[in-house]
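Two complexes follow with chain A in common, the first pairing it with chain B and the second with chain C.
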Partner chain A sequence: MREHSGIYPRGLWQAFALPGVVWLLLLFLVPFYAVIGVAFGGVDPIFLIPVPAWNPLDWNADSVVQTLRGFLPGGDYWAVFLRTTLYVAIALALCLLIGYPVAYYISRHAKRTKSVLLALLVLPFWVSYLMRMLAWVNLFAPSGYVNDFLAWSHILPDPPDWLNGNPVSVILALVYGYIPYLILPLLAALDRIDKSLLEAARDLGASPFRAFLHVTLPLSMTGVLGASVIIALPMFGDYYTPNIISGSPTTSMLGNQIDLFFHGGPQPAIGASLTLILSLFLAVLMTYYMHSVARATREVRDE
Partner chain B sequence: MSDAVITRPVRVPSRSFGRRLRDWVANPWGKPRFLVLVTWVYVISSIAPVIIAIQFSFNDGRSLTAWQGFGGARWYWGDPVNSVWHDPALQHSLFQSLKLAGLDMAIATPLGVMLALGLARWRGRLASASNFLMLFPLVTPEIVMGVSLSLAFLNVFTFIEPSTTAQMLGHVTFSLSYVVVIVRGRLFSIGRQYEEAAADLGATPWETLRLVLLPLLMPAIFSSLMIVFAISIDDFVISQWLSCGADCDTIPIRIYSATRAAPLPSINALASIMVYFTLGAIGISYLVYRLMTRGEKPARGGARSMVSEMGAFDV
Partner chain C sequence: MRDHDAGVSAILEDLKAGRISRRQAFKTLAALGIGTALLPALSRLASADDQLMGPGGIPLARPNKPVTLPLWEDPIKSGLEPETDGTFTIFNYADYIDKALVDEFGKLHKVKVQITTFDSIDQAITRLATHAVRVDVTEIVPDRLAQAVAGKLIKPVNPDYVPNLKKNVWPSLQSPFYDQESRYTVPYTVYTTGIGWRSDKVSEDIAKLANPWSIFWNAQAYKGYVGVLDDSREALALAMLYRGFYDINTEDPAAIDKALEDLKALIPICNPKVNITQYQTLPEGTSWLHQSWSGDLLAGVFSYLPEGTDPSVLQYWAAPRGKGPIQNDCWAISATTKKPVLAHLWLNYIIDNTVATDNFLNFNGYQPPMNSITPDALVAQGRIPASLRNAVMTPDEVGPDSLQECTLTAKGQAQWQSAYAKFVSGA
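Let's look at the complex of A and B:
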């Protein structure tokens, strides 16, 4: 590969990148440092507003330690943390259980219907998340279509209240809300698998099921992980879904807790500590995803 | 679908519907029948609720759960008090959403295109660091960005109050990376040979950029505009955390606060308008995209590549 400094003047690309990088430094990195500053800061005794500590030497770890202690079994956030993890885990499992067969079918078997199915798959992407939740609330309202159907068909003659503190509907709503974001990357990953490997397995006498188990499934694992991370991250920070679908503290997630400390209570230092702890908890997932994206980018660039 | 089957020369003796149904019941796991079933059930159930919600935006009565007949545009503009057009709060949120999306498109797209060009071609340690920084907003949960931006405007950039400006800055920050990913993907796929040819033929760097690279990037720039529009108009979290109150309410914020408070079909009408806008935008962008990538190899320029470019995941 030839070095291309010849075409363009030196420093041109740096100059191009500069405004965007400065923007991200000022409006992404500095704000994140503001969270750290507030979390490790104090509170003005008279006005009860947070006084952020910018200098690490002035840091006061009281709120952070207090918040961290809440995550221990029996602490204030233990139940919420457990619930959040449980909801996300169940929702993720359901998403994969539904999403994998769908992505697999579209990638492998759909022929004439492929473009129609693709368009239908992308469609929920373009309908606002809140709109889809509103639709869900309409359907599951006490006199909505779902209960009408359940009562009419005698499946459940006395249908439950879906919308007030029902964890089942919160989990189902999470699945409904996030599954489109899982299927598309999964589909892309399945599409990338070299079909000749599968043919080789079949030629060597593997049954279709064994070929799937020993070729397709392992090769799609990176895609499964990536897609799972893509939806797990926003699910961990979700607070609007439980609020819209349930609105009850019995189904509140970590995001609701953060929301509460900023929009309900006068303790931004605790809210900032919670945000910080959530980010650190998710850092593993974030780093994994960014590394895989960076690797993919390098492969494309250097091919 | 069935027409296509009939007009094609039929080689396999066609089996009756009843026979096929019996085969299915006898062995639902044979061939990919099970997969077909899962796929179509999923696809239909993912879209049906939205269609029903749109249906209720045309309800003649005030109910969101019982169909009382087709009421035309009552909840759009017919009702003199409660329709989207005549309820000041709903009307304002519609314009606020459009205003933010417009500002976001106007700022994030050029900024992102430049950043994509810079990051794709600038090598070195600082470049890798910037690249990493660019990827962060894509993976950070929105609530973390919302909290950090609102704390930054409260404690660091104190001259920016919660306002439309603050919301706009937030929107640009999270949509910037999508533009970069889309444009960079296109940049890699077109390679450098066109620019080299232009330079060899005596074009100045400025001419190469403007007359060769920019036109080649146009489809990606166009997809970016559409993506930015869609994610900005869809955004709830950032808009809410940087909101200045009722005057900053966007459509998603309106929906959020209305759902738990016995809403009227006008809220469905508002949400449906948003769907019409985005669907219109995709329709236009699909046509323009087809027009722009005319003559390219279908593997790169077809609808599939637009899907993956717009999904922004297939880096």
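Let's look at the complex of A and C:
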């Protein structure tokens, strides 16, 4: 048993964690249990608004089972689930392709400009996500600046309709919207890598590329995973990006279905069930991430 | 014998309330030994039962099957003085009423007036039902009235305080089918669902097509610039009307599935956008052909037409009476009001000729059903472009044979919503 140091009052450090614990309980667990209650609950017979089943003994699994069936190949949600997964996977890959070099450059090579570049990275957070997406609508409109430039420069004399149900636009908008959230944690991970390890690799004859491949990249993998999880989770539930950028059923995502069932009508339990199933799917990703972090921590400790 | 009578009464009550079907009632009555003597009465009851039952056992109103809503309390007495001081709260969609007119009402009655907004009528009902808001008057739609009355969310109206209803409003909406005797509501705006398009982009004269609804299924040339209303009832009704199927309150799964199939067929043809921003996108030219509400086109001309754009490029077509939806919105008094007299005066104020016309022509573009407003006069005065003459309706467009999207049973609503969810999933 750990001795009480005597310098600090008993329970001081636990008290520091208290706000976070309360926040987690009130703002995550309670709402999440409410979603479970709605998924397994009923609706008010007059107003058709959800009546959550708080007691697990009262749960009715019909809606959850019906929704789960929809995720089977050919089911109601199969196509939209596949589309969502594909969009998120491509957007994530693009974010990493663009974001990793940026984070790497700032961490390793941006000496005096580092603080300026960091400020520039934080700059998008000053404007709300919604506003940034609306700005895209103006930029990419048929007669917007992007198409004007493409036509003027003859890069694309006949520019495409970016906003008319174009999946490329939705994916690019996801990349644009979420990339700052990827770069910052990645930068922190790269900054934490002990530079002496790289120097050792170079001293032992590794080329800069091999040093990156065998030292930097493996050591930054937990950061890559963490940053990926941070942006993949909200991307999976995103519904306003496809709404604003496309508006076509051909680019709708799972979040749009959740929004539709929660927005009104007599089937809020379907909306809640979709949320639960999506959460379970994301929990698998989270578990993999936590497992990877634990393994990396073990390896570092063992070395 | 008393038990027997009570059993019969209970069965009849269940039948009336829609808890059991007519067939179940007949079988159970037969089991109780009810003979042929009662058959005529049961037949009468059976025809009454053709009207589906909604929340709280209130029959679901249809234009040809009007409903008198039950009074859950007496209206306030006549001749009371309006309340003054404090805050009077109006519950409404954002940007659906002119703030200047609201302020004017406040000045007139020496109260501070506040507008609390909702995004959808579902949200409004939820917030009223959960007492998340305390308001004095609320905007409401006819297909949610049964809910609001059964759940005691709105108060009965004393017509003595609302003389403008008889004086100014279309006779066809003075005692509308959804609220006979106007026990709870006064009408606010009236609008058709039709087709809005840009005549400088769409080559067809849609109004002259044999089946104007078919334009959406022949819109390959306008791919990417076509829109369908983001509303389960409106979108599926579009497909039904295209096929000449006019029972737009059907709960027949086969009819709904057919509409879904037709709606999905639009995706490869014109990849429609699903939204309700046509009031902006049509005038701005980012949409060329859109299922629209009549008020959107007028609002587009009043507020969104870019400078230099000829308003006559905006066109609107609505189907003749009985062949296309015509709807109206209403105002009602919230059950939580602390200013019931003033709330009545609000209902009267909103159907004052000057107030209603100002709100229509200087603000939201949605027509109030006032006798004083006629499309010919508006065109002659230059208040609206001639190309949008049919975005303004006349009283004879509302009647027992008009089409209106009315309340469905909970099961029916679920069927429509599930079908619509499949369409918007793009599967």
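Throughout what follows, the second predicted complex is superposed on the first by the 244 of 303 C-alpha atoms of A that agree within 3 Å, B and C clash if a C-alpha of one lies under 4 Å from a C-alpha of the other, contacts with A are read in each partner's own complex, and residues count from 1 in each chain.
We adopt the following convention: a residue touches a chain if its C-beta (ideal position, glycine included) is under 8 Å from a C-beta of that chain, and two chains touch if they have at least 3 such contacts.
Computed from a predicted model, the values in this text were never measured in an experiment.
> Taking the superposition as given, does A:Asp76 touch the first partner, chain B, the second, chain C, both, or neither?
second
> Which partner does A:Gly177 contact after superposing on A: first (chain B), second (chain C), both, neither?
neither
> On chain A, which partner's contacts cover more residues, chain B's or chain C's?
Of the two chains, more chain A residues are contacted by B.
> So, A:Ala272: does it touch chain B (first), chain C (second), both, or neither?
first
> Could you tell me if A:Ala141 is touching chain B, chain C, both of them or neither one (first, second, both, neither)?
both
> With both complexes superposed on chain A, which partner does A:Val102 reach: first (chain B), second (chain C), both or neither?
first
> Once the structures are superposed on A, label A:Gly247 by its partner contacts, choosing first (chain B), second (chain C), both or neither.
both
> Quick one: classify A:Met286 as touching chain B (first), chain C (second), both or neither.
In the superposition, A:Met286 contacts chain B only.
> Return first, second, both or neither, reflecting whether A:Val38 touches chain B, chain C, both chains, or no partner chain.
Only chain B is touched by A:Val38; chain C is not.
> If you lay the two complexes on top of each other, which residues of chain A touch chain B in one and chain C in the other?
Touching chain B and chain C on chain A: residues 141-142, 243, 247.
> In the complex formed with chain B, which residues of chain A make contact?
Those in contact with chain B are residues 4, 6-9, 12-21, 23-25, 27-32, 34-35, 37-38, 50, 52, 98, 101-102, 104-106, 108-110, 112, 115, 117-118, 120-139, 141-145, 176, 179-180, 184-185, 188, 229-230, 233-234, 236-240, 243-244, 247, 255, 258-259, 262, 268, 271-272, 275, 278-279, 282, 285-286, 289-290, 293-294, 296-297, 300-301.
> Under the touch definition given earlier, write down the residues of chain B that touch chain A in their complex.
1, 4, 32, 34-36, 38-39, 42-43, 46-47, 49-50, 52-53, 56, 64-66, 111-112, 114-115, 117-122, 127, 130-145, 147-152, 154-156, 169-170, 172-173, 176, 180, 184-185, 188, 192, 195-196, 199, 205, 208-209, 230, 233-234, 236-237, 241, 251-252, 255-256, 259-260, 263, 267-268, 271-272, 274-275, 278-279, 282, 303-304, 307-308, 310-311, 313-315
> Would you tell me which residues of chain A are touching chain C in their complex?
43-49, 76-80, 83, 141-142, 161, 163-165, 243, 246-252, 256-257, 260-261, 263-267
> In the complex, go through chain C and note every residue touching chain A.
Those residues of chain C that touch chain A are 55-56, 120-123, 125-126, 129-130, 147, 150-151, 223-225, 227, 232, 267, 271-275, 286, 410, 413-414, 417-418, 420-427.
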